[in-house]
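What follows are several structures.
Each of the next two complexes has subunit A plus one other chain: subunit B in the first, subunit C in the second.
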Partner chain A sequence: MNSLRRFFKEISQYPSAVIGMLLILGLVIFSIYTVITIPYEEAISLWRGDENVWYRTPKTAQPKWINWFRKDDVPETFWLNTAEGDGTKTEEFSNGTNKIFISLPFEYNSIYFPQEMSIYFTSQFAAKEPFVDIKMITPTGEEIRIGSFAVGRKHTYRFSQDQKLQRRLKGNSPEQGIFMNLTSETEQLRAVPGTYELQIEGVAFEENSTVDVEFVVYGDVYGWAGTDHRRRDISIALMWGAPVALAFGLLAALGTTVMTMIIAAVGTWYGGWVDEIIQRITEVNLILPFLSILIMIGTFYSRSLSVMLVAVVSLSIFGGAIKVFRANFLQIKESPYVEAARAYGASDRRIILNYLVPRIIPLLLPQLVILIPTNVFLEASLTIIGLGDPVLPTWGKLIREGIGNGALLQGQFYWVLQPAVILLITGLSFAMVGFSMDRIFNPKLRSV
Partner chain B sequence: MPNDTLLRIEDLILHFKTRQGTVQAVDGIFFELGYEEAVVVLGESGCGKSSLAKAILRLLPRNVERYQGRIYLENTEIMALDDEEFRKNVRWVGISLVPQAAMNALNPVLKVGEQVAEPAIVHLGVSKAEAVGLVKKMFEHVGVPEDFINRYPFELSGGMRQRVAIAMSLVTSPNLIVLDEPTSALDVLTQASIFNVLKRLKKELGIGFILITHDIATSSELADTIAVMYAGQIVEVSDAYHFFEKPLHPYSQKLMASVPRLHSSTEPEFITGRPPSLIALPKGCRFKERCPFRFEKCDEDPPVFQKEGRQVRCWLYA
Partner chain C sequence: MAESTLESPLPIATPRKEHDSSFIRVAKYMSVRLITMAFTVVLGLYLTILIANMGGYVDQIRRGDIREFVQQQVRNDPGLKSLSAAQRSQIIEDRIANQEKRLGLDKPFAVRSFAFLKNAVTLDLGFAEFITADNGSRMVKNIVLERLPSTLMLFGATNIILFFATLFAALSLSRRYGSWLDRFIIATSPMSAAPAWFYGIFLIVIFAAYLHVLPFGGMVDVPPPNNKVDYALSILKHLTLPALALALNQVAFAIYNNRTFFLIYSSEDYVEMAKAKGLTSRDIERKYILRPTLPTNITNFAFLLIGIWGGAPIFEGVFNWPGLGRTQLVAAGLFDTPVILGTTVIFAYLLAITVFLLDFVYALVDPRVRIGSEGAKS
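Moving on, here comes the complex of A and B:
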């Protein structure tokens, strides 16, 4: 405990280490928060998602913070749902008909037009479908008739697909025509900001029959991370990428270093044919093509994260580090205190664990910390080349899908850059801590 | 019981295989040691003293060519034990070792308290708390302050480290301790105080010592029996009193003459020539090349002769 405090005291003298540790702490808190707020099952189902989950989000919308850097804000995405208490809804039952009046006022603050608008109707009835009549009141008080039709239990009305409405709006597509000042000749290509009101009058023909509507305006920005080509919220992948990357990085690094160290220690201590076999395996393993084997496993066996983790660890155990550790162990093995330990009858296990291993820890810890981002990047790289876990949303997958869907060609930089920047920060934070630790544990490097 | 033999070594042989040839580091060692006795093994550098210590404790390197002989520890033939039995029943339980260069014999990443407790935990199976109690007792015996338990070896002076190493050899209360040049790197004052510690231990705890050294003067402090080693062989075994009075073997005589004396006009002598290489030993007596009394018989291997209750490997006493 004391030595831990001393370690923190010493490492706090390196500003880069402090920044690195704060970043790591932030990432860890972020990961814990993610796993608690979006449980694994939910994340998977959200990311597998279809129209039923993501019907209210726009396609490839930019993140909200884009507006901080713009003079004129682009429209945000929002929705109003009468079932959730938005707007006002009144019902009046008389003479066997139920008259429904719905008013949904909303502020429109952008001079740009929305991507699209839709109204989702849900109605309850026994035999006869309710009938609705839709109007839009503009800030100038003008009344635009949208349309009237009967609605089934589930009915979707898309403004953009209404040809009649387009004709009524002098040939302008509805999501534009509604918001522009049609009387003015000059300001035609800008939306008029102000308070709009969607009015829906409905007639139902049964006592308990009613209509609920959800009105969605698809803007150009959504959430703090934007959406992808399948309307999915990118923030889910950004958030879930953190625990996945950290877990993969940490487990792979820990598994590799600890196993390598133990194998090197055992080989060196027993020497002879044990050492011989370990060294030959290492040499063979060193010339095996790492990536090709992973691609093979991914193609023919499984691409799940745990399989990849096991493959990465088992391919790295007999890595170059074994030679480094062995060189150090050989030196320690010959030191008088190891012979003294042998003399007092310490067992082989005791000598390996109490005498050899502790001496190697100063060498091992910085390497371990630096190995974590290496494995984080490896996981991302594998995903980018198509060997990622098929179900998990990760940073690498965002980059892969972004590039695959032309994000960079269409200027949707947020899609690729956000995960890239988070990857960068992760790598940087561990590297900053690792290099500082190296300077503390191996002071000989300080002068170099 | 005090007159019983604690340790008897007969014809102990340890040869190493090297690229140049066979190194006959230990070649026919014999001596006896009673309870509460100290044997000093005297010899110059490279005569196989440390190999003898290793041979007794079976701490063998990889390149052993020949390892045989008989070692009786309290009437048990310990050479007949297998490695695991040897580790459990002999090392530290029967015989402890204070290794050469005790300064480096401590694990730098363990606190000395833990280090000294290790043998007790390994062999006696005591708990950590009990072991700490034992360590404190041992520290008291060897004169190390109790609070040194929590220090690391690098925080200790050479003399203190040597004491800690001795405390470590005591912790399982063995009957016999092998000390391999315990004072060679220390100044004379520290040497003296270490020897006082050893003397007290011998008296208070009744421990037998095998002290391996090249230092004749300090060894006389502790010795009951002197065994002189030359080129891997014991050339003379004698009780200390008679040995210092009149050494028998020519090598012993020369060795004694090389010690500088206070208030005396006699110049310290040195032995001409060099000790033979342990790889290419001469036929016959191994000391003949440097011996002033050489005669024809010396070309034959000398057996061990008994003379006045002392043993000497020299044709002069045939």
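Moving on, here comes the complex of A and C:
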């Protein structure tokens, strides 16, 4: 306990270590928050969801915060749903027909046009489909007739696919024609900001028959992380990437260092042929191409994260660290207190676990912390070359999909840069703490 | 200049020893290392083959592929349409057996693994299933050897430049201990935690996607220039970003590491003595500080290089560099077992050669090997 306090006192002398520890704490809290708010099953079903789950989000929309850095805001994505109480909906039943009037007023604040607009109808009826008539009222009071048609139980109206509407709008595409000032020739490429109103008049032919609408305006920004080519919200993968990366990094680092230390201790204690075999395995392991073998395992066997974890740990156990540990164990082995333990008849197991291993912990801890970012990046590397876990949404997967779908060529930098920056922060925070710990625990390096 | 640093101190370090005997000792040490290394490589390759086959799982996939391919072939052959179903299935079975024999699937794995091993060691890796070399050859050997130079150029050239650059930067930095540059290097040394490909993505975003000054990837312009000078310039242009990415990954940490050892050695008594004798600081640095730290620095460099070989597939993948690593990725995507195995074998060889060469340099610079007291343990 006392030594722990001394350690914290000492490490607080290093500003980079303090920043690193705060960042790690933040990441851990973020991971816990993620796992609680978006449970595993939900995250996976959302990430594998198709257009039915993500019908309200635009394709490759940038994150909201880019508007902070722009002079003119790009349009945000929003939706109005009468079933959820947006807008006003009145119904009047007389003479066997139900007259429905829906008014959906909305503010449009951007001078840019939206990407797309859609209206999703849901109606209830027994035999005869209701009929709707749609109008848009612009801020100048102008009335644009959108269209009129019968709606089934589920009906989707996409503005961009309406050829007649396009003709009525003087050949402009509906997303643009509705929002631009059609009378002025000069200002045609800018949207007119202001309060618009979507009016829908419906006629249903049965008493309990009614229509609900959901009006979606697909802007160019969505959420705090944007969306990808399949309309999925990138924030899900950004959030779930944290617990996956931390868990993989920590488990792989812990598994590797502890196993390496035990093997080095056993090798040096028994010496002779045991040590010799360990040395030879280390040499063979040194020339095994690490990533190539992981590629083989991923290609031929399984890509699940747990299999990769086992493979990574077993390939790293006999790494370079074993020589460092061995050199130190060789020194410790000769210390008088070990000789004393041997003299009173302590068992091999007792000497290794109670006398050799504790002495190496100052060397082990920095090693462990420095290995965490290595493994966090390794997980991302594996995902980027296509060997990632098939179901989990992770940071590496975002980078891979972004690059694979031309995000860099089309200027959708947010898609690749957001996960990359979070990865960098995660990696650097552990590395900063690890490097400082190394200087505290190994004073030979600290003195210079 | 670099070579003179390595070799000039030799006669000074052991003036009493006969040149001959030290040569023999180095040769003896190296031949022992060569033999151990050969055993190590063979063992490593066999392990690779075992992992590659993973209990016959690959064979099953390949058998399935062959069956599907042959069935498709027979179904689409108009000449065989008139035959009865039984005759047709007979033809299918015959052709499958032929194909399996061609790919060597009819022998048990234990037998095949040793045949595989012999082929792997002699680089006789058979024929690729899908990938072809640029000259149209399907021999794995040709494919692999064709891609080898570009990988060597990328990693070899860049790393040797980085090694000497960081060595001398660290030497000059150790003179300015505590300066802002020194503290900057210490502060940025954790950057090595992120792999080189990762910085590559940032560099591509900045220089290729945003500024449009350097290419996204590849090795030469398309179409390649005819003129030799233009060709070299084009390669240099494409090499800039990968080299910069490797530098961002290594420089700070390598300088920090080297500088630490220089500082440790510069407080030794014999350095004080040399200073007292009034030797120039240049002589002190070269002969009394750089010389004894060289073995440590070389070992550090060896581990660095080994780490970088391991990451080659993804690094080349990010930069679309037509080397061994990217070929391996493509082969993995196509389940082209011979090529995956071939590239893995070549990487194992490259690692072994790296270790061996560094052992050799180590033997040259570490006096313990030459004098023969305690064989140097790398």
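Details
Heads up, the rule we're going with is that the second predicted complex is superposed on the first by the 446 of 448 C-alpha atoms of A that agree within 3 Å, B and C clash if a C-alpha of one lies under 4 Å from a C-alpha of the other, contacts with A are read in each partner's own complex, and residues count from 1 in each chain.
The rule is simple: a contact is a pair of C-beta atoms (placed from the backbone, for glycine too) under 8 Å apart; a residue touches a chain by one contact, two chains touch by 3 or more.
In this text, all values refer to a predicted model and were calculated from it rather than measured experimentally.
Superposition note: with subunit A as the common reference, subunit B and subunit C can be accommodated side by side.
In the overlay built on the shared chain, the residue A:230 is in contact with neither subunit B nor subunit C. When the shared chain is aligned, subunit C comes close enough to touch A:411, but subunit B does not.
Applying the stated contact rule after C-alpha superposition, one finds that A:301 touches subunit C and leaves subunit B untouched. By the touch criterion stated above, A:345 is placed in contact with subunit B alone, subunit C being left untouched.
In the superposed model, A:292 makes contact with subunit C only, not with subunit B. Of the two partner chains placed by superposition, only subunit B is touched by A:335; subunit C is not. Applying the stated contact rule after C-alpha superposition, one finds that A:370 touches subunit C and leaves subunit B untouched.
Of the two partners subunit B and subunit C, more residues of subunit A are touched by C. Of the two partner chains, neither subunit B nor subunit C is touched by A:135. Between the Cα centres of subunit B and subunit C, as seen from that of subunit A, there is an angle of 60°, stated in steps of 10. Put simply, the nearest alpha carbons of subunit B and subunit C end up 15 Å apart when the two models share chain A.
Common to the subunit B-facing and subunit C-facing surfaces of subunit A is no residue whatsoever. Chain contact summary for the complex, subunit C toward subunit A: residues 36, 40-41, 43-44, 47-48, 51-54, 57-58, 61, 177, 187, 189-195, 197-198, 201-202, 204-205, 208-210, 216, 260, 263-264, 303, 306, 309-314, 317-318, 328-329, 332-333, 335, 337, 340-341, 343-344, 347-348, 351-352, 355.
Across the interface of their complex, subunit B is touched by residues 271-272, 335-337, 339-347, 350, 354-355, 358-359 of subunit A. Contacts from subunit B toward subunit A in the complex involve residues 57, 59, 62, 87-88, 91-93, 96-97, 99-101, 104-110, 118-119, 122-123, 165, 168-169, 172. Looking at the complex, you find that subunit A touches subunit C at residues 16, 280, 283-284, 286-293, 295-301, 320, 370, 373-374, 377, 380-381, 384-387, 399, 403, 408-409, 411, 413, 416-417, 420, 423-424, 427-428, 430-432, 434-435, 444-445, 448.
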